[in-house]
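Some structures to go through are shown next.
Look for chain A in each of the two complexes below; its partner is chain B in the first and chain C in the second.
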Partner chain A sequence: MKMLLPFVAVMALVAAALMAVNVANLHFLFGVAIPYIAFAVFTAGFVYRIVKWASSPVPFRIPTTCGQEFSLPWVKQNKIENPSTATGVIIRMALEIFLFRSLFRNIKAELRDGQKIVYGSDKWLWLAGLAFHWTFLVILVRHLRFFVGDVPMSIAMLEHLDGFLQIGVPMIYITDGVILAAIGYLFIRRVLLPQIRYISLPADYFPLFLIAAIVVSGILMRYIVKVDVVGVKNFTMGLVTFTPVIPATLMQGNGAWFFLHVFLISVLFAYFPFSKLMHMGGVFMSPTRNMINNSRMVRHVNPWNYPVHVHTYEEYENDFRDKMKAAGIPVEKE
Partner chain B sequence: MYNSGKIIPGIIIFLAIVTFPFWSNAGKTNVKPEPKIDTPAIQQMPEGERKCIESKEFMKAGHMQMLNDWRDSVIRGGDRVFVSSTGKHYNMSLQNECLRCHSNKKDFCDKCHKYLAVKPYCWDCHIEPKENKS
Partner chain C sequence: MAKFTAKPKDLINIDYTTPKTEWMDTPTEIREHMFCHATKAKDLETVEFPNIHEWRPQDEDWKLPANWEQTILQGMQDLLKKYRSFQLFMDICVRCGACADKCHFFIGSGDPKNMPVLRAELMRSVYRGNFTLAGKILKKLAGARKLTPAVIKEWWYYFYQCTECRRCSVFCPYGIDTAEVTMMARELLNLLGLQLGWIGGPVANCYMKGNHLGLEPHTIKSSVEFFLDDIKEITGITIEPTFNRKGAEILFVTPSGDLFANPGTYTAMGYLMLFHELGLDYTWSTYASEGGNFGFFTSNEMAKRLNSKIYAEAKRLGVKWILGGECGHMWRVIHQYMDTWQGPADFLQEPVSPITGTKFENAKATKMVHIAEFTADLIKNNKLKLDKSRNDHLVVTYHDSCNTARGMGMLEEPRYIINNVCNHFHEMPEDTIKEKTFCCGSGTGLNASENMELRMRGGLPRANAVKFVKEKHGVNMLANVCAIDRATLSASVDYWVPGTAVCGTHELVANALVMKGEKERTLDIRLEPLPGKEASE
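== the complex of A and B ==
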């Protein structure tokens, strides 16, 4: 059920887009209105989530330490895993963001011979995760050729490198194959490992299915159904220059695939701020990763400390001096 | 909000990146490329026979596939005869057949290829046509 629901949802989205374009002729709604709304929801929602997170105080230094902290001169500090300087934190964050350092530590526990529990390193998730995220980024950047008038050298170079193997025409992109394999692994892992399947929710499957559908529709358009690519760029450039046009070549025949692709991406964008995909912004705000471990050097004041009204002993004695004297209690000031 | 000294620049960078397609195209107009088919060779053809070897739609979507097949057929199989869907025979040759009519690479091939940043590797081996620029 946890898997079926998101699958049905994605299939319903696919059917909705194809029906809307092929039967109801809602090209403007699905091609122009929904993408603009989705983009607005994405940006506003993203900023809202970040600001909301930033409103939570992080009063204490809680860096997870994976190495020797800064101490005495003759004790060698691990400057990256347990940074005491901003540079160290920047390197640690860069390793986290670009290479998923934490995931590299992933460990698998297994019962051997019935009773004995053993722990071993498990790099497959890290590898597939890295492959997935990097290919997704390359694919996203590659798509800029549809959103920039004169395509800059850097984007053309990236595309050239991606088609480096020169297999077939149009040249098969390496990333297309890699992202399918990575999504496949990430999905199969959730299904085959009982522990992972147990904790997987519809919100885990939905983005996987949605991204898979986006990738498949993109691959179909490029290699198989051959959507009019000049029309596609004419369309996307219309969107980004706020003069939307829907070329006639996209209104007929296999143009529906393009609207399907655009609609699924719009759904992904609109869904983004409400989902676990927000880890894109969240990774920068991981308190255990982005804090300098300098608790012993700098005083960190709790931000919600408020001035407490203190009633000192001196004031107390002033209030009760007479009574104290009468009872024979010694006082500091006569 | 805490750490606004870092959060606000971060949000500004985020917004600058995601709105890149919008601000980088600000003030530009969206011009669709129109490949020209008015070369002398095409204009000499009688009005009714001004056709490419296959339909326009087919060529638009499949010319790269066709050229690739031609290359394999000629270089690897030694077979230079192409039979079109209408049964006509053509010489499989980029320089001698395609470019005979489409002699205007700059105004024909390059129009869409430049628009979409496509760099076909035809001209790694073939000689690029030297167009008479008057």
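== the complex of A and C ==
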């Protein structure tokens, strides 16, 4: 169920798009209206979520320290894993965001021979996760060629790099294969590892299936069904300049694949702010990672700190004055 | 309740298979030896907690107050508004499972609800159902569920199977700290009067009498005097510490556990001997006689109420700065919370060691120094005369306590000290020390006796690493800097790795410390004959 439902949902989305375009001729709705709406939902939703996080306070300074703190001058501090300066935090965060540093620590615990627990390095998730995200990013950046008039050098270079294993025409992008493999791994591990399957929700399968469908429809268009690329560029330029046009070449034949691709991406965009995909924004704001470990050096202020009931020394001495005097412990009031 | 009698070889038969039913459809069984008794009503009355009532965890009906549901949901709403950590950690988990096998309770029990991610999902599912649009519409499809009395029981059971050790947070790609979720859950459960006896009792004691054990001022003094007799027997030296003395330069605060039971008492003797040898101008306090803070395991407010005594006493006595003893959660609180709650501590001075002149830059705002920092500095500056050979009967390994490792980062100072007072030191495997250290298994107020199975299961990963170095290097002493460790590791090591003892770092210092005018030592701090000295006397 947890897996089937999201699968059916994604298949339904695919069918809906293909039928809408092929049968009902809803090109404008699926090519223009929905993408605009999706983009608006994405932007508003993303901003809303970030603002909501940002407006909830960080009452305490709670970094998770993963190395030696700043201490005596001769004790070697781990300036990145236990930062005492903003620079340290910036490097720590950069390593998290670009290299998934914490995931790189991953180890696997195993009960061996029914009597001892051993730990082994386990970097596959890190590798697949990194491959997935980086290829996703590269593909996203490559797509910018459709949204700018003249393709900038940097994007052209990226495309060139990505396609350096030139195999026939069109050039085959390495990222296309890698992202499929990575998604495949992330999916298979979710299904095969009993503990991971146990914690998985439909909301964990859905984005995987959806992104896989986007990738597959993209690959189909590029290598197999061959959509009119010039038409696509005219279309996307129309979208970004708010003068939407649907070129005739896309209205017929293989053009439907393009509308499918655009529709699935729209769904991903609209779904994004309501889902776990918001980890993209959240990772920057995690107080256990983005704070300086200097709470004994610099006072951290809690905006909602309030006075509390305490049991004062005076009350304490009133309770125990005689016993204190008898024991020779000094008191305030004889 | 029957006594806990399971043998280690049976307990280690851990079943890691997941249940046939989904976790939301798998009812929670409150199992004997895995949970703690409920607290006494009078203890909660002392600190004026809400919804105090008599109940027992093993009963069907927990007698929840009539508006329990609204209380919890309102409580969640408040906490979500107050803590970005809570809001964020409810929102961004991708269920990658990197944290799953990092929790000592999961490793030791195999119970999937002890995977940090699932522990947090127990709360997240209710969050989704009540605070998110997707959860309200899609219900179970979005991983949401209704809040029911069974959910409250499940929370209680599993959030008291988390020791807030933060090991999961080290491995999470977003730093999601399940300890933070547990802290919120415990706040919420306290709104319904669902507290543990082992937490409620110490909290009430600490509030009224200044320490968890409820030692009254004269008893604190006589406990210390008892140590002084032993010290005299060992060294021939008479020590005269002071209590509640105004005008002392330094206030010394340590967990009360060290005044009460072995092996913590040996650490306390170590402090007394070290300070005497240095001629330190310091005082103990009977009012601020607790470094630890069990309030931290109930609510943020209670933690602050208990913690207030330290600064208040420092101010009353007019000391310059504060020195803190060996403890774990005490240092999480002092390092990451105290100044924010009670500061600024402008009535104190930036701490400077009167012996070496070293400025403790890292404590310049809070003005409280950890004794391991203090002693490491003494040794580095050659201020102590040490005879390492007096620890030659010991093969030592060092256990980082969760809080000083992951909530502070004090890793090297204790190691430096141990290496300077002992000849035989061996690290446990890399994946079980420093930031990856394992909890003793009984932190956050779970060190009761009725939950012994839970404690032994949670203590397995640590004990297992001790066993490794015992077999490889003959380790017979597990050193640490935590009062709870000293009490709890003794039990779990005794269960899993019999023949290994547990000590505080300053016990080892005291053994090695050559004091002015001492007689030739024939006994160690435990009043046991020193090796090679049995015959010569």
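As a working rule, the second predicted complex is superposed on the first by the 304 of 334 C-alpha atoms of A that agree within 3 Å, B and C clash if a C-alpha of one lies under 4 Å from a C-alpha of the other, contacts with A are read in each partner's own complex, and residues count from 1 in each chain.
Throughout what follows, a residue touches a chain if its C-beta (ideal position, glycine included) is under 8 Å from a C-beta of that chain, and two chains touch if they have at least 3 such contacts.
From a predicted model like this one, the values you see are computed outputs, not experimental measurements.
Legend: residue contacts after superposition of the two complexes on their common chain; A:Leu125 is shown touching chain C, with no touch to chain B.
In the superposition on chain A, A:Ile219 makes contact with neither chain B nor chain C.
Shared-chain residue A:Thr43: touches chain B; no touch with chain C. Once the two structures are overlaid, the count of chain A residues touched is higher for C than for its counterpart among chain B and chain C. By the touch criterion defined above, A:Pro57 reaches both chain B and chain C. Legend: residue contacts after superposition of the two complexes on their common chain; A:Met251 is shown touching neither chain B nor chain C.
When both complexes are overlaid on chain A, the residue A:Arg289 reaches chain C alone and has no touch with chain B. Where the contact sets of chain A with chain B and with chain C meet, they give residues 54, 56-58. Only residues 2, 5, 49, 52-54, 56-62, 64-72, 74-76, 78, 81-82, 84, 96, 100, 102-103, 105-109, 111, 114-117, 119, 125, 129, 193-204, 274-276, 278-279, 282-283, 285-289, 293-302, 304-305, 308-313, 316-317, 319-320, 323-324, 326-330 of chain A touch chain C when the two sit together in their complex. The touching residues of chain A, counted against chain B in their complex, run 39, 42-43, 46-47, 50-51, 54-58, 144-149, 151, 155-156, 159-160, 166, 168-170, 226, 228-230, 233-234, 237-238, 240-243, 245, 247, 281, 284, 303.
If you check the complex, the residues on chain B that touch chain A are 1-4, 7, 10-11, 14-15, 18-22, 24-25, 28-30, 32-33, 60-62, 64-65, 67-68, 112, 115-117, 119, 121. Chain C meets chain A in the complex at residues 9, 12-14, 16-18, 22-23, 48, 80-85, 87-88, 91-98, 100-102, 107, 112, 115, 117-118, 121, 132-134, 141-143, 166, 169-177, 180, 207-210, 216-218, 221-222, 243-246, 286-287, 301, 304-305, 308-309, 312-313, 316, 334-337, 339-341, 343-344, 358, 360-366, 368, 373, 376-377, 380, 405-413, 416, 429, 431-432, 434-436, 460-461, 464, 467-468.
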